[in-house]
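Multiple structures follow.
What follows is a pair of complexes built around chain A, which joins chain B in one and chain C in the other.
Right, the complex of A and B next:
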């Protein structure tokens, strides 16, 4: 234990989700149980009222781990409880944000942690039929989850009269079929009803009218898994991990040009620099290259050049948590988002990267709202032109204009998600775009390189 | 039909349409890897919904094939994180090795090459989906051995 810079006591590298991930056979019930699994479920179902569980989750400060960061306990407390109408908990396992592969890791290696979290949460919310909506491509994980569900059922932790408490609960796995938009909770609900994944207009919110018009709570895989340690240790203890409103631990999936891509659990007290360069995490930039840029929270959050990534505009070290990554707003900051941490080295082309992301969002737009349907395709075409040496100077301003007209003008946040990467790329890397336009031939032979993107930023002192 | 009934049993009575996505996966697997209009009409009759309700779903989701595909489908991710890890070279290499472009199937009906958007394997890039599983950390050598493996399997099953 040592005193961190925030004054809180912290244990180095505290792990409460992945602490058992490397135990041989942890995927199976017997080993998970032997390692202390399902004790939190026993505590919750036998000793706690449903209100007390919601209260612990509120006290924990747990925020939605899918990207939006909305307080989970508050979301739970919104659920309507009309007499005689079933309620449902739905686990969002549609993980599709480029750069994000943490839920996959949890489900593949610790399926019972998710099942236990689902059981406790289903009990707290009064859901007797709970669904895991998993992206269609994770086909082999469906088998892993269904096996875990069968094991839990065979051991009395699912099915009828669980642990003799009179609580009944079944969990079903619902496989999607390839659509990023189904990670948006109302599109997910439409898809669960066997329809196209077109987001619904809110209100009514799912907590009032969700799947089959019944009150529904949709939570991300990691959020629901985190309920297990919260019940085990208590909400107050959980809230002691981390900094400020960034409580608990967060799974970060790190990828791109780093030495050790993978899924890491962080306690949100470390700096971005430590996360990238320490051997405990990413292990530095691969092949001895220099860091150029990073998209720290999944492809939709603003990309930052190296200098703004490692330090805030005030010149302080940037921390790996909700507040740290968003310090400075969109002008000089980004977001923690889903924890999809994409690192770009000095050889990467920002224009090409932005083009592939624009193509992604065009491909995934559901087509309901004109600004998104038309705007994403338009941005993709312009970016492709610039990338292939066919761009005009006016294209850069046009891109800025289009993304401004998408943002905030659509039913769901996919519009914003498509606009932000383009906006941030132009905001911070405008000279790289201009270089592409002014050097159409050279830009096809080499990349712009690191340029000034890692230079220290002059901080004006008052 | 056992699997069909199991899937439908997951949803409340009268809400059998909810099973549409899982049932379409089952149908695609059972009827040659793609969804013909006959197959979709059959699914509609099984779930007691209108054929249009099946078509509108089948055309929305990228995993449903509306045209015949090869016995082995290489779905290579091309989104940002895979791009910065060199997926373009892998896509080119597969195309040259098999003599097809993305979206095409080899004349012998064995292989289809498709480019897809992010599959959630960004840390293990470049990667592709092949059937139910992912093939990750792709290199040219690895692609060669996967193609050989597919050819051997196909020969062994004939």
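Right, the complex of A and C next:
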């Protein structure tokens, strides 16, 4: 229990994924098993039908934890089941969104939780060859996962005739070569097939034609790990955690100017303010500074100024969940995204931050479709000019027009991901951009500072 | 659902019935005219092409009879199949025109706009597109992208700066030749077409990449700098070729065959792929059986003044003789008396290399 800033007593958040993360040796099979691991897998494979598992996941309300938040059970039910064609489950461990590092934590500390989740999900989907596509930069995690797979195999939880049920399943770890775009599910599939990681044009969706044109489900690491507690406690119980359509728990990787950066499991009932300032989570802004802005869901979601981050446009406290963070749409809200929570204090420059993100997206665009290939490079160049004191007033409107023409017109969401941060920065921090243009020399020496970005927003009451 | 099922689709308020599985773009092409969206990367003869350039975006204002909801985003018409009762807006949608203008601007910001020295000028789809959707000025104030030059052999000239990365040449090499030697290297705005290790493209059918290229990124080296396409007369011709159909279009000036291409339909797509021998080696009129003038769209610059009276145009009446009481015009000056440019003894069409400045400038000796 702790005293929150609002003064009311609160029970520590529910933890169902990371509750055992600090148990000594939980990385290894014996300890994981001793702590109750693989019981959910035994329950699923021995006592449940494949349809019943899918039904539990549907009931749980689990939403994709990779960023888009699409209901996982529904995604599973879309998978085509043509006679004689193998199906595949692919685990998306290409965690490349700047600010997001929750999957890394999960795989590093609890590899068997993922393996167990993969086993249950593979069984439910009928995947005998399941792949973990992991980003190349996570080289050491590949070893951890492969060791865990070997251990699971040696103990009869992978391989042939698992637990005597007649179900065969192998898990392979496939390393990416360092491309952000390969986290997009169809680009990931292309890359897994050994091709250039260009996103495919949809339809057909992977559930119909995925890896090697076979029906495929691609899920994020955290989504698949969450299947374990869902089976263990039942979908209905899982759905009781959280609020509304934000069920269960979510891992948030918090970073930036906070006292306690790290990976936190939240039950989606707390407010953003509590998350930033409570000692259970971020522990407040570092060095006694004030909060200026925050990118709450990984680099591609809209940035919010402090006032709109902590309270919605209606003046209510903003909650840390899917609905809470997107309250108000893009005009005054943002997204939960992948849970990469990036906090910026009063000394951070929004223009520089936007330029950095634009540079990233320009570098990571696959170059397949014109608006993204050309637009991301153009935005980066203009932002660099503004950042270095060479911008013009018309550049701000031009940036707005470029992002508007990229958004929604590209093959994959990378175009949107590149456009949103620029749009949000101009939407909420236009005066900071204008200050850079009007004060080219001063802007090179000092920051714009907090300005009015934390001022309370007065809501007219009828 | 059998293949013969007909779907009713309405594009820009014009309703047409097409077989199930037809794409919106192909349905629009059946209607024809301005209703057909432009396509820079889609190529009906190349499997898997399309979806990349985003010029063919259209608005689906009604999904189908069963599910009338509109589609939330503009869709690539070349990769979207029609549904029964679908309603599509192309030129009647402001959103589409706005997005298309945006795409054209994106395609042009890094394009060198070197049309005056580009062999593709006059038959370039990007040129057409920029006339229709482009602005006079640019809002792009940065250096345009350049690339390290790659030599891809004696037949094909690669100008990477002009490339719009439509991937057509990649699909062509994949689907027509047994081993693709070029591809896309790197990613994003520095992605380029190259062979990685300097290599010449010399497969029997690789010349077709020139015809599928919508811009001047891949041009015919044997025709390079020799003539403007609108000065040439395209004529259908054939020869008995052991490797291909031998059905080509010859591009003549006088009796000289300046270049040989495949025959292209009204959407700029080749009718039959042709082999390298036909394209690059047979540059004499005597190599060919000429069938007659090639029908060229009257809006194309290539159609100007050629075959008057033959291909849907009328010969203007010659009035000089009439008004001068039957006198022929006097030849006041033969240009060759005063200029050595375009030396008459040099047959540009027979040079097995690009034309060079020395082929045009007067001899100094």
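As a convention for this text, the second predicted complex is superposed on the first by the 450 of 462 C-alpha atoms of A that agree within 3 Å, B and C clash if a C-alpha of one lies under 4 Å from a C-alpha of the other, contacts with A are read in each partner's own complex, and residues count from 1 in each chain.
Definition applied: a residue touches a chain if its C-beta (ideal position, glycine included) is under 8 Å from a C-beta of that chain, and two chains touch if they have at least 3 such contacts.
All of these numbers come straight from a predicted model, not from anything done at the bench.
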Scan A:196 for contacts with chain B and chain C and give back first, second, both or neither.
-> both
Have a look at where A:344 lands relative to chain B and chain C in the superposition and call it first, second, both or neither.
-> first
More residues of chain A in touch with chain C or with chain B?
-> B
Based on the superposed arrangement, let me know which partner A:364 touches: chain B (first), chain C (second), both, or neither?
-> both
Is A:179 contacted by the first partner chain B, the second partner chain C, both or neither?
-> both
Once the structures are superposed on A, label A:29 by its partner contacts, choosing first (chain B), second (chain C), both or neither.
-> neither
With the two complexes superposed on chain A, say which partner A:264 touches: chain B (first), chain C (second), both, or neither.
-> neither
Should A:448 be classified as contacting the first partner (chain B), the second (chain C), both, or neither?
-> neither
Can A:138 be said to touch chain B (first), chain C (second), both, or neither?
-> first
Looking at the overlay, what does A:238 touch: chain B (first), chain C (second), both, or neither?
-> neither
On chain A, the footprints of chain B and chain C overlap at residues 179, 196, 363-364, 366
In the complex, chain C residues that touch chain A | 50-55, 57, 73-74, 76, 79, 98-99, 102-103, 105-107, 109-110, 139-140, 142, 164-165, 167, 183-184, 186-191
In their shared complex, chain B is touched by residues of chain A numbered 86, 95-101, 104, 129, 131, 135-140, 172, 174-180, 191-197, 212, 253-257, 261-263, 295, 299, 340, 342, 344, 348, 352-353, 356-357, 359-360, 363-364, 366
Name, in rising order, each residue of chain A that touches chain C in their complex.
-> 179, 181, 196, 201, 362-371, 373-378, 381, 398, 404-405, 408-411
Spell out the part of chain B that touches chain A in their complex, as residue ranges.
-> 10, 12, 15, 17-22, 24-25, 47, 49, 53, 56-57, 60-64, 78-81, 83-85, 116-125, 129, 132-133
